[in-house]
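Scrolling down, you'll hit the structures one after another.
Both complexes below contain chain A, partnered by chain B and then by chain C.
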Partner chain A sequence: MDSGLGWWGVPIAVLGGALRVSTPFLFVSLGECLTEKSGRINLGLEGVLVMGAMSGYAISYTTGNPWLGVLAAGFAGLLLGVLHALVCNLPRVNDIAVGIGLMLFGTGVAFFLGKPYVQPKAPTLPAIPLGGWSDSPQIQAALQINVLFVLGLALALLLHWAFRNTRWGMVVRMAGDSADAAKAMGYSVSGIRLAATAGGSFLAGIGGAFLSLYYPGSWNEGLSSGQGLMAVALVIFARWRPLACFWAALLFGGAAALGPALQSVGITSGYYLFNATPYVLTLAIMVVTCSPKRTLSGAPGELSVTR
Partner chain B sequence: MTLLPGAIPPPHGALEVQMVGITKRFGAFTALDDVSLHVRPGSFHALLGENGAGKSTLVKCLVGYHPPDQGQILVGGREHDIRTPHDAHALGVGMVYQHFTLVPSMTVAENLVMARDAVPGIIRWREERERLHAFLKTVPFKLELDAPVSSLAAGEKQKVEIVKLLYLQRRFMILDEPTSVLTPQEANEMLGMLRDMVREGRISVLVITHKFREVMAFADRVSVLRRGRLAGEGEVADLDPERLAEMMIGRREAGATPTRRIAGNGKGDVKLAIRGLTVNDDAGMKAVDVERLEVHGGEIVGIAGVSGNGQRQLVEALVGQRPREGGEVHVHGEPFAARRSEMRRHRVFALPEEPLRNACVPGLSVAENMALRRFDRAPLSRGSWVNWGTLRREAVRLIGEYQVKTRGPLAPIRTLSGGNVQRAVLARELSEEVSVLIVANPVFGLDFAAVADIHDRILAARDRGAAVLLVSEDLDELLELSDRIVVMFDGHLVHETPIDAVDTGVIGRAMAGHVSASAH
Partner chain C sequence: MNNDSFRSSRRQMLKAMSAAGLATGLGLPAMRAGAADKLVVGVIYVGPKDDYGYSQAQAQAAAAIKKMPGVTVIEQEKVAETTDVQKVMASMIEEDGASLVFPTSFGYFDPHMIKMAEKYPKVRFAHCGGLWTEGKHPKNTASYFGYIDECQFLNGVVAAHATKSKKLGFIAAKPIPQVMRNINAFTLGAQSVKPEITTQVIFTGDWLLPVKEAEAANSLIDQGVDVMTMHVDSPKVIVETCERRGIYVCGYHADQSALAPKGYLTGAEWNWLTPYTEHVKAAMAGKPLDNFLRGGLKEGFVKPSAYGKAVSEAARKQADGVKASMVKGEYVIFKGPLKDNTGKVVIPAGSAHKQTDLALEQMNYLVAGVIGKA
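And then the complex of A and B:
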């Protein structure tokens, strides 16, 4: 490897990787944050992510416009979210079980419908080069920022603001924290949860489009490798705060970029071990945050796991 | 939705409400039978009755939760068809429920603003806060607007609920057992403030209660329900507690205000001893810090206190449901860690609160639940085989002896009513010789007959020499049963008195945390 920066290449590659890899984490975790704030867990976002990746790629290929692909991915996600919410609105249905079902259903359908799109090359999303000031190709590569990343950051800020300052955001929080209170004030809790689950899945679908249309930028069956599930853990880590979701997504993105970054400076021996960093991080976070003695602070009171 | 076009904005001042000939049936059961109630504008009206007398059903008819089958409701002198809570709100009728309808993670200000019928799409907090501050100046209650509701004590939450109704311009306020979670001082303060607002003509108040003291001290008029019928009504000034008791529980028991029963001798050996016991709550905060407590054979030690002061955690730690952080518990002088073998050897039994949750397997049958203590020993089992015939016969015997109303020994225990679950668990716990009995809120939500029965059985266990630790939120129950009363506040035992020297004023102050008062 010809590297003008030597060992400095590692943190720069990790940073670049974090900016790139974090985007799907960010969208899925914001979506899950929205859903969980309304009092429901949607574990199916992994399936939604894969479905979004497939449909985004397929639409981009057939129309030639990657942005139409992004939109299609969002709507594919939205449909799955509506399915999850409708099933969960039935009496005595457990949202976690439905989520696992949806995860398998979404990936299965995506693999089935996506078979013809594994080979062809679809137009992908453009990036904004922010590294023009530097001569170093590594820094230029690291600072290739995708529009969706910026959009995700804006969305995190918007959600953070909306949960406190809009009726819509407050109603979602109310449904998530005290369904009785929301009902007593005449709101339809199942309607709110339907909207929040659908919206959350829309975002997760967009996260999927990022995978197939930007990085890695192709459609195949091993595309997601569990990122949708890790994003759920990430929401717990972020204590259900959208801005913290942003930082947590960067952290997970950086962890996922560690393996390739080390490889780029010539350390190849532990490649698969380093690639496992995000999974280890997920486990570590779960162990650290879980305790039989106390409930999580900040957890919406109506979640089936906290009740 | 604010006002319909052409609707008149609600005028100010206290509302009048009349309910005439209300009848409400649930299937074959008649919950209310031709009940009439007249709350005059600007009056403080009490609705008195035992549990199950129909008080809650009556007010739920008024606020639209279940409309009556027969009868009329007049609000402000005109008849209205109140079908939903929304209809009641539009008329200016509001209710404070026993369980709070506040959102725990939101602040007081957020809860108040979200309670409005019309919340703007984007909330301008600066303007809202100014308006809230201006509004709070007009009510006697003081509130911290930025405190999250989850951090408030029960009394504070109750105040927020009341302020919320005032903020929503309700002019007729219904409170369902508002003082059950308050200290006597908090209750007096809250009811006094409500009465002041009634005197000013701002609101009319209807309070559901079963406490004579509050009726006598605060209400103008009282209506008494008994078994779904109006048993009596009148001006409080013309009535006395004896007359109210007669109306409430019927002529047969009239005048039988609970008298102290024969005290236990309390001279037995120390059977249960606690030293420096500390226990944490679910959030990891220290909930119990008991320096020293001893219970002798043949005595009942009552633990008084407002709920949430560590009583639940204490009982859970004693019966093995919650880990102890420090300290020692001894039974018969030996360390006691609440293992099954220790409970068996020392004959420690318990009737925890909410027995269906804490002492039963809801899906198992009554017979199986009654055998939970003994199913793995002779005669109920041989080797590792359960003898189902014996188990069932034993259950049938206990069901008869304790008068448990069930479809049969094989009915799942969750199909029983609260009182019968309580009886079934008590039957199990008292079916053998008892050395230590730990009891928590044993008659919560039960009817008069069940209360007397369960109290008799606890006293009988004491008279057979058991050491009884009785935890209750009902001070009257403790005064009636205990030989010694200890007050628990904030996890500590702050006051102790033998029953002969009880001063309820001192106990009330100790319950509210005025520890200095206990040094008498």
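And then the complex of A and C:
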């Protein structure tokens, strides 16, 4: 009689939620990871995410091709990233303050330009059904994987490998750990940071396109609700390691699904608390791993928070 | 402080400018003294006004009163339920000369609108959904609201005919009386057809949280829910998620049938034009403000969406029958004996709460058959 899953619904919802909700976290945190490895913090990625979501949706709606939307979102992000980098390249400019400015600017511009796109329905990205082996429609739905998620995973692996094994990976890390060393080697530190910030923002913009073009799949001013900011915190939690960013993004995605999943099986008391799980998780991990005796392990030496 | 001096200097400048305008004959003719044939109306929304939701329903009414002769409408969207709304109201009154203001969101009422009403006693304030009380709230404030639970009851009737699993889903923002009343009416409507039906509720915690709403919809569908409805600001994401997962959905606030051509059964829609027109006419005629304006299907404050393709003949017939009885003012949704979902009797046998009963506007329980806790 019962077509529901009962208690099994919770782990499946958390798994499905992890796969669905994590992608924007993943892209933004990989982007931020790249930027911070070069020695600069871009707190403006929340604004970039929202701007990406808006431009992706708008372009998908006007051209009818969601992939063009993804590309447009990336380039919208890139522009904002270049803006951040250029301002920060000026002497005595604080990158955190510029980041906060960029966050407000990005969301403001996106809300302003996005007005006509709240109502229309844009074509969204397709999903790859990986749950065909199961008869359960719930499992099939949970295992609907978007190409961008796969791309994000590949990107995490690529960054992980590239930071260790390629020339440009080393150069980015050197600019982040010691600007003097990079200068002594004849590299332009501001040029490297410009490229890293622009690249990072490109990725964050794509994360935004995932929000508006796949899940939840509609443009609206409450779309991000702070996910860009959480993803920035997630980088610290992942200790600036791309692969750890991937796991952390999954964890945060799963945590976001926990509140609704528990309510759906009838655990209804304290749902505000369950809804706060991702934030509690962040705080708990920060408290456990912080020590007053040393700086965070793995932190690039040039970051203005660690200096 | 700073803000006030800024505002008054701006006001003085505007006065000087309009005086200069009059002197040169370029300004508006001095119609303000007559007040009867010109009216500036300010409308404030909490969200974007084309969101397929709460604000869109209000904006449709605002767009319609714009066409009334002599009426100028000024609007502002996305105003937070904080002191922001006080600033917006003040600037609409001082700079645009609004003498009738519609602050449309629930949280604008207390303390924001009350404060402004005390500061500007000559301006009329008409709030959507607040519980205006004689003696407690200023005379120049008013509250209008519709008995949309009647439409949610009809949603429930139609949903009961469509469900196979006998599990309905309800995604709600916050546990306030209006939301509880809708959840209960939806459930009672469904139970009037099949008494064994249950409604699973998920509270998301705020009015606009698209990702959480999508997650909530997916979890409910995973639990076997096959008809969903909601009370959030913008139902777009939920309606689209239901359509994608192939279940039925009943809309809320506005008509969302375009978003779910296969699964949209019917919906509970506002028709705010009725109270808006009444307030505007009263203001223009100089009649006293109707402080407490309520109405349901009968008065034309609410209306159901047109039935979708998936609605069976039997469902249409039964829902139309209940609707006709509601329009006549005969149908009572909340009547005893009624128990809440903890087993406590909330309405004893033999007593009934008509729609106008104020006890219903303080509802703090979920009826038996609702799975969830506020």
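FYI, the second predicted complex is superposed on the first by the 293 of 307 C-alpha atoms of A that agree within 3 Å, B and C clash if a C-alpha of one lies under 4 Å from a C-alpha of the other, contacts with A are read in each partner's own complex, and residues count from 1 in each chain.
Operating definition for what follows: a contact is a pair of C-beta atoms (placed from the backbone, for glycine too) under 8 Å apart; a residue touches a chain by one contact, two chains touch by 3 or more.
Just so it is clear, the structure is predicted and the values come from calculations on it, not from any experiment.
A.B. asks: Based on the shared chain A superposition, would you classify chain B and chain C as clashing or fitting together?
C.D. replies: Result for chain B and chain C: fit.
A.B. asks: For A:M286, decide between first (touching chain B), second (touching chain C), both and neither.
C.D. replies: In the superposition, A:M286 touches no partner, neither chain B nor chain C.
A.B. asks: I'd like to know which partner A:R167 touches here: chain B for first, chain C for second, both or neither.
C.D. replies: So A:R167 only meets chain B here.
A.B. asks: I'd like to know which partner A:E221 touches here: chain B for first, chain C for second, both or neither.
C.D. replies: Touch partner of A:E221: chain C, not chain B.
A.B. asks: Under the stated touch criterion, which partner chain does A:D177 make contact with: chain B (first), chain C (second), both, or neither?
C.D. replies: first
A.B. asks: Could you tell me if A:I12 is touching chain B, chain C, both of them or neither one (first, second, both, neither)?
C.D. replies: Only chain C is touched by A:I12; chain B is not.
A.B. asks: Compare chain B and chain C by how many residues of chain A each one touches, and report the one with more.
C.D. replies: Tallying touched residues of chain A, the top partner is C.
A.B. asks: What is the contact status of A:A257 with respect to chain B (first) and chain C (second): first, second, both, or neither?
C.D. replies: second
A.B. asks: Quick check on the superposed pair: does A:Y271 touch chain B, chain C, both, or neither? Answer first, second, both or neither.
C.D. replies: second
A.B. asks: By how many Å are the closest C-alpha atoms of chain B and chain C apart after the superposition?
C.D. replies: In the combined three-chain model, chain B comes within 31 Å of chain C at the C-alpha level.
A.B. asks: Going by the contact rule at the top, pick out the chain A residues touching chain C in the complex.
C.D. replies: Contacts found on chain A: 2-6, 9, 12-13, 16-17, 20-21, 111, 115, 118-119, 121, 138, 141-142, 211, 215-218, 220-223, 225, 227, 256-257, 259-261, 263-266, 268-269, 271-272, 275.
A.B. asks: Help me check something: in the complex, which residues belonging to chain A touch chain B?
C.D. replies: Checking each residue of chain A against chain B gives 164-168, 170-171, 173-174, 177-178, 180-182, 184-186, 291, 293-295, 298, 300-301.
A.B. asks: Can you tell me which positions in chain C touch chain A when the two form their complex?
C.D. replies: Result: residues 47-48, 50-52, 78, 164-165, 167, 200-205, 208-216, 218-225, 234, 236-237, 240-241, 245, 258-259, 371-373 of chain C touch chain A.
A.B. asks: In the complex formed with chain A, which residues of chain B make contact?
C.D. replies: The contact residues of chain B facing chain A are 85-86, 97, 99, 101-106, 110, 114-115, 119-123, 125, 280, 282-284, 323.
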